[in-house]
Amino acid sequence: MALSYILFAFFATVAVVSAILMVTRRNIVHSAVSLITTLLATAGIFLQLRGEFLFVVQIILYVGGIMVLFVFVIMLVNLDISLRSVQFNRQKWVAGVLALVLGAQVVFAVWLGSGTLRLPPRHLAVMPARNTEAVGQALFSQYILPFEIASVLLLVAMIGAVVMAKRRV
Amino acid sequence: MSHLTMPHLIPTSIQPYVLPVLWGVVIVAVLPLLAGYIVLLERKVMADMQARLGPMRVGPHGLLQPIADAVKLLLKEDIIPHDADRLMFWVAPLISVTMALLAYAAMPFGPAFQIADLNVGLLFILAISSLGIYGIVLGGWASNSHYSLLGALRSAAQLVSYETAAGLGLVSALLLAGSLSMREIVQAQYDQGEWFVFSVPIGFFIYLVGSIAETNRAPFDLPEAESELVAGYMTEYSGFRWSLYFLAEYANMIIVAGIATTLFLGGWLRPFPRFNDRLPGTSVEILDALPSLVFLGVAAYCFWLAPKQPVKIQKLVMGLVGGLCVALAAALAGSLFAPDAVRLGVHGGFWFMAKVMAYLYAFLWIRFTFPRYRFDQLMRLGWRFLIPLALVNLIAVAVALVVSQEWGWHPRVTTILATLATLSVAVWLASSDEKHETAIRTADGE
Amino acid sequence: MADTRNNGGTWSGASNVETTVLGADEIILNMGPQHPSTHGVLRVKLKLDGERVVDSECIIGYLHRGVEKIAEHRSYQQFAPYVDRMDYVAAVSNGLGYCEAVEKLLGAEAPPRARVVRTILTELQRIASHLLWLGTHALDIGALTPVFYCFREREEILKIFEKYCGARLTTHAFRIGGLQYETYDGFEADVKRFCEDFATKIDEYETLLTENRIWVGRTKGVGKLSAEDAIALGVTGPVLRASGVKWDIRKAMPYAAYDQYEFEIPTRPTGDTYDRYVVRMEEMRQSRRICLQAVENIPSGPIMAKVGKVLKPPPGEVYHAIEAPKGELGYYIVSDGTTQPYRLRVRPPSFINLQAFDRMARGSLVADVVAIIGTIDIVLGEVDR
Amino acid sequence: MAPVPLDNELVQRLKARFGEAIREATLDRKQAIVLVAVGKLREISGYCRDEEKFDMLTDLTAVDWPKREKRFDVILNLYSFPKNERLRLKAHAAESEAVPSVCAVWPVANWLERECFDMFGIVFEGHPDLKRILLPDEWQGHPLRKDYDILKQDTAWVRENLGIESGQ
């Protein structure tokens, strides 16, 4: 079990570090790449929980699909104009207060200790062995409604994109 | 890993760790050599199709050409453009190569030779190879030159759109296989006694076209089309860095061929797996003797050629190649009498590589006969023809399966009906596309 | 060679090249003069809106050697080799044009045997020039194989030239008044053998390209030129015939021995890249027919008219044009009675056909620009002179 | 062989239409040459194209006769597709005299006139974009003039751009 702790620690630190990197980088493409590493790290954690299907879908969808479009857009937009514009809009104080409140909540939860959290029994946390079929079954049996709603939502998004693109051409 | 026939030198406790590493090292070592020899094969086949000889100078019939190329690339000066983004410039080819090599983890080279039999094997390979796009996009952006940026954007758009088409082509075969693990897919083809290429031919066709586009091969090699964008995203790369991209491209080609073989051409299965009447008097199935006969034939040809070589050293190397073929033939023949697992392992490997090579030959053949698509035609083919066709094919195959299960018709009959239905839709799609295309041309012609 | 260093003077109002970067809606893409597919040192400045060409300007002159100025300081015989260096892909037909122009100036006439041999060599050169065009044009559009087939056939023709006059490319095969060398024995056999197996070879190219959906997709409707535009822009040769104008100097004003043979003039209605491809392929077949008819009976007799060593044409001027593979190649020679021409003007078909490039490229895509340059079939030696 | 005065219907129709603007018509080596006044060049070209059906300008060039006071001959070679005939219009122009451009009549004249300007320095008035076509923009002198010695080049441009001292 020692190995899984090491792996978890590794993935967690990579995720946090690259998230911080993403926010602080001056060069947009560097921040995009660090966002990709964050997503990959979370995929690693899914794998840790033996959720291979989720691991693979996370990579195909997020990193292989959406982030490619992000990087695509970054390159099409003319970088040097946006770099010259002011990055921060002087709301330091509001941001500071919010950060403090959030930090306090996190500290309080950790202080209470995991005993108070009503975590589901241990074995459920780990996904069943052949989880592709399991995910498929769950998706089309218990959660059929959210699945349909999600697909309608995607359809709306696609039609919106087509309409916007059409006008410009 | 239990089916591994390796003598148990390694204590079982650490076997699951050591063996994958061992196989990994073997693949990472063998792959550049294999990629190099595929480049030589490509140049030889291209030459043969163009009434000329191809590389003949380095080694007999140019057999040592890949080594010469590799050494040249190592010695070439490694230029980094003036204000390129150095970090990205360095990382981009690395991303491409690592993703290409990583995808071999789930590739079943034979019943015995597979690093990790994930139960999401196919999806894993697709996911990892889709990460390869970053190598191209970041490389194009980092070299900070007008041409390579245009090339990078074009290849990203092409890869993303053809990945969907190829993926949908694969899904139609997955419906029949019922599982994502590469090993179970091959097993399903053995159980159904039929390669999926015969039951879902249109899926195979879509995947063939999609895979050509996905590896930037002609006639879809627009990103590095010499005449317009000079060399696309690779323009600013030179020396070893450039060869990393080159290695990534050929590794991707082998992966794509591997997927097609596993899914459509029955992975490591022998052409007629169930036909097993024996050679008279021995326990050897007739078809099993085939591979060793092939290698014996090649060896004979090499020995016949050897004395004809002009230079003494070439005689020697040609003899060496002949010897190698004889050794392979002996190994294949020897394994016939070894325990079952070894025989299956060795022969499976041979058949897998034979099919991969056949698939790659189709790549090369297509490359030298077709001119290049224009970028808008390429996109139009992808989005207006291939993806809709793949969706229709998917629905048709699904309906065929349900019909064969519910009404008890023989699955082969329903799949053939599904193929015919999809074909008619394809013809309609092509003709409507044609009319539309001429409409555009006449519109912007005036 | 309009240089861009001065402040954009060469371009109607656009700012200097460096400032228009990707972000703005239009970019200026500079192709050449060292671009792999500009068939020599041609530089094209394209103003692009995305992938579509909005405006284009051809900048030429990189290969200008001042041939017409040199002609005024050379005797008529001395100038003949210079003519081969203009359209170096079809040197023999340049030579034919020049020799016939000077013969017209002198009022001399080449003997029948010389005229027939000249016709055969010129038609072989036309096939060779079209083969080189087909190979490089297909290579630009991405078909890797035809170029090797075309060069294999072209090699046969160059061997015949080499056997006849010792040179393959810049042959200087003809002299003013006729021929320098008698045809080597076996000349008729070589030409006949080439023509025989060329028929199957040209079908080979057709199977590779004509019905190829991608080839048709890349060439049909690309670089359209209507008949009126073609005549207005002075375009001649295969480009004019592909726009539907049935005109060929070999038929309109026969020269050499063309009036003795029958052959058709291929034309196509729409005048796009595909039609020009079909016209040139058909022209190769017709040239083969001419060669076969000519080789049957080459008249015997002298190969050189009596024009004497020192040529002093009486004062006056003449314009003589022939049908070169690229179009109408004309020589306007003014003589002042001395041994050197007073003024020698060459009417270069590539130079004038290239002017139609802007009309064809406007509104097409960047990838088509390469196909359009290929389809006009220009040789920069002739464009720049 | 010497040029013979020519008087066929075409010349008569031209004379009827333009009177003394048609200076002379000769036949040299069976090719018709009509000398016209340079001022009327554009009208005569328009007439030739529309009424006389000379729909293609095959070539436009010039010849330099330094000893004459109107030193340049501007030569227009016309061709008629319907009549399968050639005609050569010639106009005398002095060194600084502007010749009316025929770009409006035959668009092919655009590059041909630019080359004439580049080589002879003849200014074509009414040309859309008259600038050098073969030589670099900053080149001094017009090479095809008889007084432009073949050895003398624009040494300044050569030294500055090609870095060759002797210009040879």
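Lettered A, B, C and D in written order, each chain numbered from 1.
Note that in this section a contact is a pair of C-beta atoms (placed from the backbone, for glycine too) under 8 Å apart; a residue touches a chain by one contact, two chains touch by 3 or more.
Predicted, not measured: the structure shown is a model, and the values here were computed from it.
Colleague: Quick one: which chains contact chain C and chain D both?
Modeller: Joint contacts: the list comes back empty.
Colleague: Taking each chain's centre as the mean of its CA atoms, which one is farthest from the centre of chain B?
Modeller: Max centre-to-centre separation from chain B belongs to D.
Colleague: Let me have the rounded angstrom distance from the C-alpha centre of chain B over to the C-alpha centre of chain C, please.
Modeller: Between these chains, centre-to-centre, one finds 45 Å.
Colleague: Could you state the distance in Å from the CA-based centre of chain B to that of chain D?
Modeller: 65
Colleague: Taking each chain's centre as the mean position of its Cα atoms, how many Å separate chain A from chain D?
Modeller: Roughly 74 Å, centre to centre.
Colleague: Return the residues of chain A touching two or more other chains; collapse runs of consecutive numbers into ranges.
Modeller: There are none in chain A.
Colleague: Show the residues in chain B shared as contacts by 2 or more other chains, in ascending order.
Modeller: In chain B, residues 149 touch at least two other chains, as defined above.
Colleague: Name the residues of chain C that each touch 2 or more other chains.
Modeller: In chain C, the residues touching two or more other chains are 22.
Colleague: Spell out the part of chain D that touches chain C in their complex, as residue ranges.
Modeller: It is residues 1-3, 28-29, 31, 33, 55-59, 61, 63-64, 75, 77, 81, 84, 86, 88, 106-108, 110-112, 119, 129, 131-138, 143-144, 150 of chain D that touch chain C.
Colleague: Going by the contact rule at the top, pick out the chain A residues touching chain B in the complex.
Modeller: The contact residues of chain A facing chain B are 27, 29-30, 33, 36, 52-53, 55-57, 59-60, 63-65, 68-69, 71-72, 75-76, 129-130, 132.
Colleague: Residue numbers of chain B touching chain C in their complex, please.
Modeller: Where chain B meets chain C, its residues are 46, 49-52, 146, 149, 218-219, 221-222, 225-228, 230, 367-377, 437-438, 441, 444-445.
Colleague: Taking the complex as given, what residues does chain B use to touch chain A?
Modeller: 85, 87-88, 91, 118-120, 123-124, 126-128, 130-131, 133-134, 137-138, 140-141, 149, 152-153, 156-157, 160, 163, 180
Colleague: Which part of chain C faces chain B closely enough to touch in the complex?
Modeller: Listed in rising order, the residues of chain C that touch chain B are 22, 29, 36-37, 51, 138, 140-145, 147-149, 152, 208-209, 212, 214-215, 217-218, 220-221, 224, 363, 365-370.
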